[in-house]
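Both of the next two complexes hold chain A, though its partner changes from chain B to chain C.
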Partner chain A sequence: MKLLDIQHLTKKFVVESDWLGRPKKILTAVHDVSLAIEAGETVGLVGESGCGKSTFARTILGLYEKTHGTVLYKGRNIDQNGVHADFKRHVQMIFQDPYASLDPRMTVADSISEPLRNYHMCANNQDLKKRVFELLEQVDLNSEAAQRYPHEFSGGQRQRIGIARALALNPECIFCDEPISALDVSVQVQIVNMLKDLQQRFGLAYLFIAHDLSMVHHVSHRIGVMYLGKLVELGPGSTVYHDPLHPYTQSLIAAIPKPDPHAAPAVPAGGEVPSPLSLPSGCVFHPRCPYASELCRHESPVWREVQPGRFAACHHVRGGDVV
Partner chain B sequence: MNTLLDIQNLSISFRTYRGVLEAIHHVSIVVNKGETIGIVGESGCGKSVTAHAVMKLLPKETAIYSPDCKIMWEGTNIVSFTEQEMNALRGQDMSMVFQDPMTALNPVLTIGDQICEGLVLHRRISQQQALYEAEKLLRAVGITAPEKRLHQYPHELSGGMRQRSLIAMALACSPRLLFADEPTTALDVTTEAQVLYLLRSLQQKLGMAIVLISHNLGVIAQMCRRVYVMYAGCVVESGMVEDIFDKPAHPYTNGLLASLPDPEHKDKPLQGISGQAPDLFHLPEGCRFYPRCRHTMQICMKQAPPCYDLGKGHQAACWLLCPERGKYNEIT
Partner chain C sequence: MDTRDFEPVDPKCIVPIRIPPQTLRSRGWRQMKQNKLALLGLGIVVIMTSIAIFGPLVTSYTYDDQDFAMANAYPSPLHWFGTDSLGRDLLVRVLYGARISLSIGLAASLINLFIGVIYGGIAGLVGGRVDRIMMHIVDILYSIPMLLYVILLMVVFKPGLLNIYIALGIAYWLNMARIVRGQILSLKKQDYVMAARSYGTSTWHILTRHMIPNCMGPIIVTLTLSIPEAIFTEAFLSFIGLGVSAPMASWGVLTSEGINSMRSFPFQLIFPAAALCITMLGFMFLGDGLRDALDPQNQREGNR
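Take a look at the complex of A and B:
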């Protein structure tokens, strides 16, 4: 059974309302996105800033109220009584900024034990202390760290504390929202390797959100690509990376500067991301797309399975090719 | 003479409330005319301090230049230059593109006004003429409808356009040396590729030298001819870009390269570097990298390694390269 099945999730924000409070300007941050996550699987989500990948994760978790759509947790709708509490406990999140996501006035032990207290996971203080030390050990921090405050740690260590906090309730799935983009290259590797280890040990599923495609490719089983609030492509990690179908994915991958001085320089795609407040007609990518035709200008492409296990939303993708 | 900028033994210390802190230590960098060099390293390694020190943009009250350092700009030592003399150089001969385009631009002035400032100051032309020049510059950096953008404020532009405006501003007086301090770090990959492409084509057109500071090895590999790798305030390895990427000699450079995922071998675990960069107040004795190094030897903990020459300008500071290395036993 699918661990998480997100169906037609839409999130709209009211940017401006008139004097009666009626919405005047609406921003659709996430538009009709469906995605399923299996147990023990890593799904990578990439896209440029403002494409709605973080909003998507936060909306699933209920940090934003969703506008439409359903989220099924093990086949049960999380809006039902009783399911939501279960869902909240088993799906946790790691945030991008390790400096902002920890309370500066709480010791590391306090931060990590807060979820344990909330869910009455430990019978007494002795147990609680033991569990905190165990969690710290799982993220390779020593037990001295427990009594210290976040400002005494480097970015990488803070991210470890965030991970320990997310692990506290024995989750089944962790949403990682740009967990490494604020870190140095060598520290990024430490965190990524640790996340992979934890996945093997506890059978965790990850929704791994990042803009660094090569790192996402390294960690993910499947990759989803978002553009202006819509999912444009989804498929097995290596196929999406090595043989992208959607023209947007192609331009995204062509733009990565390769760490090889003999490689040809990255080819820039033309144009800029349009404002999400005034989306282009038809396919949202058509003003930047080299394949754009009359059809693309008028009609929005449907999300369909183009090959077994590969999905794309593009008029020009037929079979395994763009024509 | 082909050398444009020759930095010799530059050490910069800062007076802080915890005492004097040496941010960069004996850094020597040469920039030839029309050449792109890269400075790569992780945060806090002193890349930006080096650039700011050459431009003399460090706070005068706290930054101390070491007495034996030299910054030779076309044969003249500019360390002792007064603020007035530097003003004539900055913007005119050397300029800088900063990392964060939002904080580098003045939010209360239009883009046009900000570009014109340098033109009016250095070229002594009227505001009218300067505006005309500014429009040409904006067009050259690939901004559409420049006549409209001139009168807009920074918040009205996207991140990519702000970075382009900053580049236009830096290029206003056709400098001979451009410091690009993480010019694409705040941008998305597609915009990054556009900005890098722009820098490359402008360089070909104008023949200026670029010092590109970045932590992104991909950006460095694509843009630079020569590379300096910095760690904890020191240059640990330098050489032609091919040498650095194909046969890195310093374990730190090696570790950086091993930290990058290889798209062809997805299942290969990433090597990376253990530990974290040292606190500059508590630098390890001997080689600054030894606590994180895989090949630490006895001598590494006692004495800082000298710079070894590997031919073709490839240099690295590591005891592993010492010809009498057999004398030092390896403890790993």
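Take a look at the complex of A and C:
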């Protein structure tokens, strides 16, 4: 059974309202996205900044209230009583900015033990202390770190504290919201390897959000590509990376810098990302798409399975080709 | 290059460096210690407070002992600050004035802390329409000159110590409410508050464990800076005759009396006015120092 099955999730924000509080401008950050995560699997989610990746993750977790859609946790709707608490306990999150995601006035021990205390996971203080040390050890931190404050640590160390906190409740799935983009390259590798080790040890599933496609390809079993709040392509990691179908994915892959001075410079997708407040008609990618036709300008493409296990939303993808 | 240049250190030789954990408070204090003006302010506040508490206990006069033979006496070993037109010892009256002025400053600030934190906290936490309406009310009250508002309240309440506490308390909470609301609004969007929600922390615990400790700095600073404001307003009210009534002496009453005989007996004006000025400066220096020391921006730069 699927661990998480997200169906038609939509999140709209009211950007501006009139003086009576009625919405005037609405921003659709996530538009009708469906995605399933199997136990023990890593699903990568990529896209330009502002395309709704983080909002998607936060909306699933209930940090933002969803506008439409359902989330099934082990086949049960999380809106039902009882299921929600179970879901919240087993799905945790790691945040992008390790400088902002830890309370500066709490010691590391307090931060890590907070989820444990919320769910009364430890019978007494002795147990709590033991568990905190155990968690610190799992992320390769000295037990001496427990009594320190976040400002005494480096970015990589703080991110590990965040990981320890996410592991505290023995989750089944962790949403990693750009966990490495605020870190140095050398530290990025450490953190990614640690996440992979933890996955093997505890059978974790990850929703790994990033804008660095090469890193996502390195960790993910499957990759989803988002553009302006919509999922445009989803498929097995290496196929999406080496043989992208959707024109947007193609331009993303082409834009990855190559360590070869003689390689021809990448041709980026033309034009600017349209404002999410006034989305283009039809396919949202058509103003920048080299394959755009009259059909694309008028009709929004349907999300469909173009090959077994590969999904895309594009009029021009037929079978394994773009025509 | 020889590989021996890079011989690894014998692990036994590595001595772990032990640095005691630094709390934000200890770091704030360290920063404060470097700020001479803030220390001066702290010193003035401590001295003035102890004088206000213990001073009147050790003098041989009381604030309403009249000695007409000694009326308008210049400062002398007998009366250090001289006496006023009714022969009352001015030093003792200034000391009692410190009691009244400081207690008014403190009480008014505590009342405005109480109202301001609750009002601003609710507006910030609930947000949306409630926030908008609550803040519009604050804006409207803000547009009324505070002094006018206090004077009107005093006319309604009748002059008296308790009523001054109340009038100042309910007039000056607007700033506190705005600051607390702003803090809560920005804290609500902080990642660590989001994180706390994601692992199931209740709203109450988010407020008490995360939000209040993190907006303590601005609250303390606003509180410290609102004390001199309250003292000054009280002095002003007493000066125009709406404050505490005779024979009690606040600094405002004393200056007001001193000003009548400014030409002939300037010391009757200078001593209470100096006490008032020094105390206000003390609180302001302290408040500014606290602002620098507790500013999270400063602390972040210090460690990156």
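Here is the rule we go by: the second predicted complex is superposed on the first by the 322 of 323 C-alpha atoms of A that agree within 3 Å, B and C clash if a C-alpha of one lies under 4 Å from a C-alpha of the other, contacts with A are read in each partner's own complex, and residues count from 1 in each chain.
Assume a residue touches a chain if its C-beta (ideal position, glycine included) is under 8 Å from a C-beta of that chain, and two chains touch if they have at least 3 such contacts.
Worth saying up front: this structure is predicted, and the values here are computed from it rather than measured.
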| item | value |
| --- | --- |
| Contacts of A:114 with chain B and chain C, given as first, second, both or neither | second |
| Chain A: partner with more touched residues, chain B or chain C | B |
| Touching partner for A:49 - first (chain B), second (chain C), both, neither | first |
| Chain B versus chain C as contact partner of A:65, first or second or both or neither | neither |
| First, second, both or neither for A:211, with chain B first and chain C second | first |
| Which of chain B and chain C A:18 touches, first, second, both or neither | neither |
| Contacts of A:105 with chain B and chain C, given as first, second, both or neither | second |
| Which of chain B and chain C A:294 touches, first, second, both or neither | neither |
| Which of chain B and chain C A:241 touches, first, second, both or neither | first |
| Touched partner set for A:97, first chain B, second chain C, both or neither | second |
| Overlap of chain C and chain B interfaces on chain A (superposed complexes) | none |
| Contact footprint of chain B on chain A as seen in their complex | 48-49, 154, 156-157, 184-190, 192-193, 196, 211, 213-215, 217-218, 237-238, 241-242, 251-252, 254-263, 265-269, 272-273 |
| Chain C - residues contacting chain A, complex | 19, 21-24, 128-129, 132, 190-192, 194-202, 205, 209-210, 213-214, 296, 299-300, 303 |
| Residue numbers on chain A that touch chain C, as the complex places them | 21, 58, 61, 63, 85, 88-89, 92-93, 95-97, 99-107, 114-115, 118-119, 147-149, 151-152, 162, 165-166, 168-169 |
| Residue ranges of chain B touching chain A (in the complex, touch as defined) | 42-43, 158-161, 188-194, 196-197, 200, 215-222, 241-242, 245-246, 255-257, 259-261, 263, 266, 269-274, 276-277 |
